[in-house]
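So, here's a batch of structures to check.
Next come two complexes built around chain A: one with chain B, the other with chain C.
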Partner chain A sequence: MKADVKPKPVIAGQGVDAGEVLLAVQNVSLSFGGVRAIRNVSFDIRKGEIRAIIGPNGAGKTSMLNVINGFYHPQEGVITYKGRQRSAMRPHIAASQGIARTFQNVALFKGMSTLDNIMTGRTLKMRRGLLAHALHFGPAKREEIRHRAAVEHIIDFLEIAHIRKAPVGKLPYGLQKRVELGRALAMEPELLLLDEPMAGMNLEEKQDMSRFILTVRDAFNTTIALIEHDMGVVMDLSDRVVVLDYGQKIADGTPAEVQGNQAVIDAYLGVAH
Partner chain B sequence: MLYREAGQFKTTYSADMAIFPIRQDRVALILLLLFAFIGVPVMATFHIWPLGSDYMLRAILIPFLILALAAIGVNILVGYCGQISLGSGAFMAIGAYSAYKFSTGVHLPLAWLGTALAIPPLPVLPSILLGGLMAAVVGILFGIPSLRIKGLYLAVATLAAQFFFDWVFIRVKWFTNYAPSGSVSAPELNFFGLTVNTSIERYLLCLIFVTLFAFVAKNLVRGNLGRQWMAIRDMDIAAELMGIRPFYAKLTAFAVSSFMVGVAGALWAFVYLGAWEPLAFDINRSFQLLFMVIIGGLGSILGSFLGAAFILILPIMLDQVPHAIGVPISVETVSHLVFIVTGALICYLLIVEPHGFAKLWSIGKEKLRLWPYPY
Partner chain C sequence: MSLESASAHLDTVPKLLLRNAARYASRPAIRHKDFGIWQTWTWAQMRDEVRAFAIGLRKLGFERGDVVAIIGDNRPRLYAAIAAVQSIGGVAVPAYQDAVADEMAYVLDHAEAKLAIVQDQEQVDKLISIADKLPKLRTVIFEEERGLAGYDSTTLHSFEHVQTLGREEMRRNPGAGGWWLDEIARGKGSDVSVMLYTSGTTGRPKGVMLTHDNIVRSAENGNKFDRFTPNDTLLAYLPMAWVGDHLFSYGQAFAGAMCVACPESPDTTIEDRREIAPTYFFAPPRVFENLLTQIMVRMEDAGRLKKGMFDYFLKVAHRSGEQILDGKPVGVTERLLYWLGDKCIYAPLRNRMGFTRIRVAYTAGEAIGPDLFRFYRSLGINLKQLYGQTEASVYVTLQPDGEVYPDTVGKPAPDVEIKIADTGEVLYRSPGVFLKYYKNEEATNATKTPDGWVHTGDAGFFDQRGHLKIIDRANDVGRLNNGGLFAPKYLENRLKFYPEIREAVAFGQGRDYVTMFINIDLTSVSNWAERNNIAYASYQELAAHPQVYDIVAKRVEELNRALADEPQMAASQIKRFLILHKELDADDGELTRTQKVRRPAIAERYAPLIAALYDGSGTCHIATEVTFEDGRKGMVQGDVRIVDVEAFPARGPADPVREAAE
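Up next is the complex of A and B:
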């Protein structure tokens, strides 16, 4: 999938401070009218790690991903991506800088096939314009075939070859989630944001998805930010975990550290604030 | 066993991406094109039923082809890109009047610059294509609001375009070269020294345009640009997060759509009507095109043809069939019946099968593929 497959950096065990910082969020606050969705949160994501973001419903996890890929603009704080401070931007610019994501509620293109959905992930890599496409031979066709081959690799990897031509609107939920991952992978992102990729899945589907996520990180050294509710999955997959509650960061560390943290236990048990 | 893709294994992506990947479809298309390009003219020349009279070509096939072209244009915008438009009639008018102006020579006094824009009369083909181009430019301008507004509000904005251009072509006499009646006539249809006069020639001219543009449309919608349009239609937020620029996707859809609708407008005026008034392109035309697209199938090139055929043939059927079985009905009743049937059908399709006839057709093909087994 990725032309420049870099060797995996040495990550000795979980949560070591190997790897440079890919994305840093500093003192970010975001509110919608009176609702303060994110309050003064700071954390960073290092190259090649799987960074889990957890917290109860309404904690601001999805909002945080929306801030990272330019969909929401925080009122305060700075975001540094690849060493550069970012100003407010449109989502398609974030996409062109190598940030891809999946959604909590699957956001596929319902009227299109699996293949076409994943092909849209290649949009930014395709150069041919309107006139070349109107004729569909020569350069436009060659380009299409080249990207089709890349997409077929992803389809094989995600084991969805049998639904290649099926309209995604009618697929079962678990498969839709997989197609959505495929669409994000087709962008060959540097930073992949996954919003509850295993929500509503059974155990077997969760295992498949976990395997895909780990393989993506290991094979392509893609940095992954993962929102997930299943603590077992978080413990197994992630290198470091940041915990949000009512828009505030209440813990940050290795899965083991976070699991033993009293504030985290309280938040999950619903202790009054 | 007639319609099977079994055994037709595709060994290259190129074969799988072919315009019609299934062999039977390809054969059917070639036969259809042969019939349209050779069979119809031959039958018309030798007066073979049902092409015994000029009427069939002049009053049915030629308008069918031109409106199918317009419907393809509308389908790109509405069906593929999901941007509702009630202004298609206006874009046909822009194509028609621009082509007319280019064919008679443009003289635009630019008093405040102390100069004038003068273009000598152009041949018919460049005039028609420039007519399409003008429609595309105006289409882009009227597409800009679509970057901020959606759905019903966009429909209202395109409706405003319709009324605005209705008014312009009636009131601004410059467009009609100050013809006292407001009616203008097409130039002689001369292409590279060949004059197009008879119904057969006019039919073939329209057929060439429609065939070329249908292939262009099909190529566009199955490529990168078409995927961007459909992505914007299905989930614009996710599309933007994939790196698709709504600005580019929507405005290219407006441009391509308006271009085709504009060319269709020029053909409608030059080839079908010959002489026309602004009324030829009023709001009824916009609705007619929209109905064709909805009935034929949103997001389907084939559907554009099916819808155009249906909308054109329905009134003729309603007129002829009662006659044939001995219960003639009046012209008014026919036109009322047309409204009732079209309206009912649109309600039915929107509720039960939003992809129109084209979808019913592909369901039929699916059944045929499995036949005689139920699954």
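Up next is the complex of A and C:
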């Protein structure tokens, strides 16, 4: 019953083998006027891993994601993605290269339905022009059916079929987060950046979200970098953790290593600087 | 299209499948919304899917007589699995998919299931967690592959994989298809086809063994009674483990070659029903109640014009809708008004609820509120009541078209004999009567007499119109200390008809007067709270709110006033009540899986509250353990207030003994 609508599983990341470095950040510094948000930070993200970026408030985590996704331009440092050094970067270029993200404060089209919101994630994959889609015939129609099928797979995967047609503005926060993840997945990203995917969720919603994140990595073969405050979630989910504090990297390693690191403990418990 | 004549020799469901595949090859058998689109199997496809799966099962070592558990939401493949199992001489045991691991372990162990066909990872995980209690369970087959990639594949197979085994076998071995047909031909009507575990208000669930004869005869009778044809469509959304779903979505669908539609997920049922617009629909009263509550809540927010039209035309419908539905004479002006109302209000409402094409709708399981019942009927929806039991393959009584009364459950169903015992208990005998309880001779002997009569355990009587009226469980009907009749369910149901009250539990057996536990209905009361700017942080807080108490007290008083008019019941007016601080829940063992009250469990858990109801105290402290969905436990505690209610002097002839003996 499912056979005839199943599109080819989404496999991203050609050119980089599992375990190899997908994205490397080298000596990156970013400042806004006098504020130095990121100071000389280096780390890498390997293909197929879940990489957590943690740190106290104001440590520069979201700025780091914004740098990776091309929204901010670091004054110093080099970013290498899939073996190529990046020069001028814009978010839409990052998107076309396979980097998708979700936001700390949900950034969806509130008046549009869940389905339409996720469909917008397919925009970059659309090949036909505006006119063809407006007329909705032949190749444009086939293309839309193909994309709709992909979106339906995501809806099924994230278990949001019951809100398919509901305007997202009316949905509870936890579900909006899920829709946003859906939209990012619709891009079939190679690298998925999640900015606090569990913020404001209850235990059950967090468990669901954790399950989705793990399955995204395993089934969609997506590399994931996430910022999260819930340490339990971070320690359970991630393969490696990088810790920032006051814009500097203070630790990098497996969850167990990071957990025992004195600098990390100090940063979280608060020690006189 | 007359199906009866030809199906005389078709005594098993798989034989019906073969007939349907031959006669209705290209007509839809079953639909499922998958990836947002309704996918359909025709009867010919259904046969092919069933055949491939059955032969695949054989390749996995299945043997005649093996018991197979079926666990999951209503899915075409799970229905096909039942047919496949039965086609090669197996017995299907659909189990409640939302049962916690322990309950499931009991059923699967008791049934000695060798195989389980389940929906998804959730159920697989559940089975893995209880695997050590199920030594007989060899193989698990799952329908949805998601999340199961890394699991041990020696005992775990996907549905598709089993079908592939079957298809390969058919390619390699031309005799396989013939073998399958022979296996079907070997099946007899007297073979056990299915075991359904009844949730039971007391003790462990019992496995009701039903034969193909039971299911096929009952299905054919049901189809004849309401004239179902292959053009009819129904929605399969109630648990597959429940006899109603098994008979309607499987038995009757196969017997009548009807089309069954399975919703995308339990959350989308209402939307899916609207899209499918079934012609036949069954729901417990609770579903109709929730539907009405939703509409009323929506209408509260509607504009003044809409609200005015809604109110006006509902009055018209209330006046004459039912008469028009029953074909009784109604004046021309009234008919015109109803026609106008139909265009403006009733038809859009029916569409909203998914009843655009509805021809027959049934409700059963609990008493339905007369106002609720009339509301649907007045909109032109042919809602009727039936009275049934798992042990009867559903049908005991049915309301015929045109003879529908809210306070009765109808006349004996075709081929059903009914008698009332001296104790007031209802007994029946029919072709649907079960074989026995599996491995429980004691219970079988207590329920079924040697000449085939079955004790329903319900007390009731026939009224002047020849309709059966059920008042309560025979065991639950008791006496107050003053000799007055005490029928707890009768009282509880009357209270539950009020929108603010979700559940009620009455006490009074061997006491001086009647008291009540009450659960408020969160949807309705929270909406009321919102409209009246009443802040609350939790269910507990809302339940204890003085104004909520006032509302409920008013309702109880209304009931008392009504009871004062009923000679047998005047003595059971409610003197004191309290609102419980938590919702009664099946996970805590307070309700059955079909949401019926478990009296002994409640009496035990809330003993201090019951004591307080009878010792005159104004509040009582209570701490209760609750079980969350994932099996963890926690405590809920608080002070519960107890309120006294006015009782009214009995009116009319007060001769309870004569009335009861009638």
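Heads up, the rule we're going with is that the second predicted complex is superposed on the first by the 255 of 273 C-alpha atoms of A that agree within 3 Å, B and C clash if a C-alpha of one lies under 4 Å from a C-alpha of the other, contacts with A are read in each partner's own complex, and residues count from 1 in each chain.
Assume a residue touches a chain if its C-beta (ideal position, glycine included) is under 8 Å from a C-beta of that chain, and two chains touch if they have at least 3 such contacts.
What you see is a predicted model; the values in this text were computed from it and never measured.
Colleague: For A:G138, using the defined touch cut-off, is the partner it touches chain B, chain C, both, or neither? Pick first, second, both or neither.
Modeller: Neither partner.
Colleague: Go through the superposed model and pick first if A:A149 touches only chain B, second if only chain C, both, or neither.
Modeller: both
Colleague: Is A:P172 touching the first partner chain B, the second partner chain C, both, or neither of them?
Modeller: neither
Colleague: Let me test your reading of the model: by the given contact rule, A:G121 touches which partner, first (chain B), second (chain C), both or neither?
Modeller: A:G121 sits against chain B, while chain C stays out of touch.
Colleague: State whether A:G111 touches chain B only (first), chain C only (second), both chains, or neither.
Modeller: first
Colleague: Quick one: is A:G260 in contact with chain B, with chain C, with both, or with neither? Answer first, second, both or neither.
Modeller: Once the two structures are laid over each other on A, A:G260 reaches no partner at all.
Colleague: Taking the superposition on A as described, I'd like to know which of chain B and chain C A:F157 touches: first, second, both or neither.
Modeller: Touch status of A:F157: second partner only.
Colleague: Comparing chain B against chain C, which has contacts with more of the residues in chain A?
Modeller: Counted on chain A, the partner with more touching residues turns out to be B.
Colleague: With both complexes overlaid on chain A, does A:P91 touch chain B (first), chain C (second), both or neither?
Modeller: Touch status of A:P91: first partner only.
Colleague: Pick out the shared contact residues on chain A: the ones touching chain B in one complex and chain C in the other.
Modeller: Common interface on chain A, chain B vs chain C: 148-149, 152.
Colleague: Under the touch definition given earlier, write down the residues of chain A that touch chain B in their complex.
Modeller: Against chain B, chain A makes touches at 69, 71, 90-92, 94-96, 100-101, 103, 107-112, 116, 119-124, 126, 128, 130, 133-136, 140-141, 143-145, 148-149, 152, 183, 187.
Colleague: Within their complex, state which residues of chain A touch chain C.
Modeller: Those in contact with chain C are residues 1-2, 5, 115, 148-149, 152-153, 155-157, 159, 161-162, 164-165, 211, 215, 218-219.
Colleague: How about chain C: which of its residues touch chain A in the complex?
Modeller: Touch list, chain C to chain A: 32, 34-37, 39, 41, 76-77, 146-147, 149-150, 264-265, 267-268, 271.
Colleague: Which residues of chain B touch chain A in the complex?
Modeller: Counting only chain B, the residues touching chain A are 12-14, 17, 19, 216, 219-220, 222-228, 230-231, 233-235, 237-245, 252, 256, 299.
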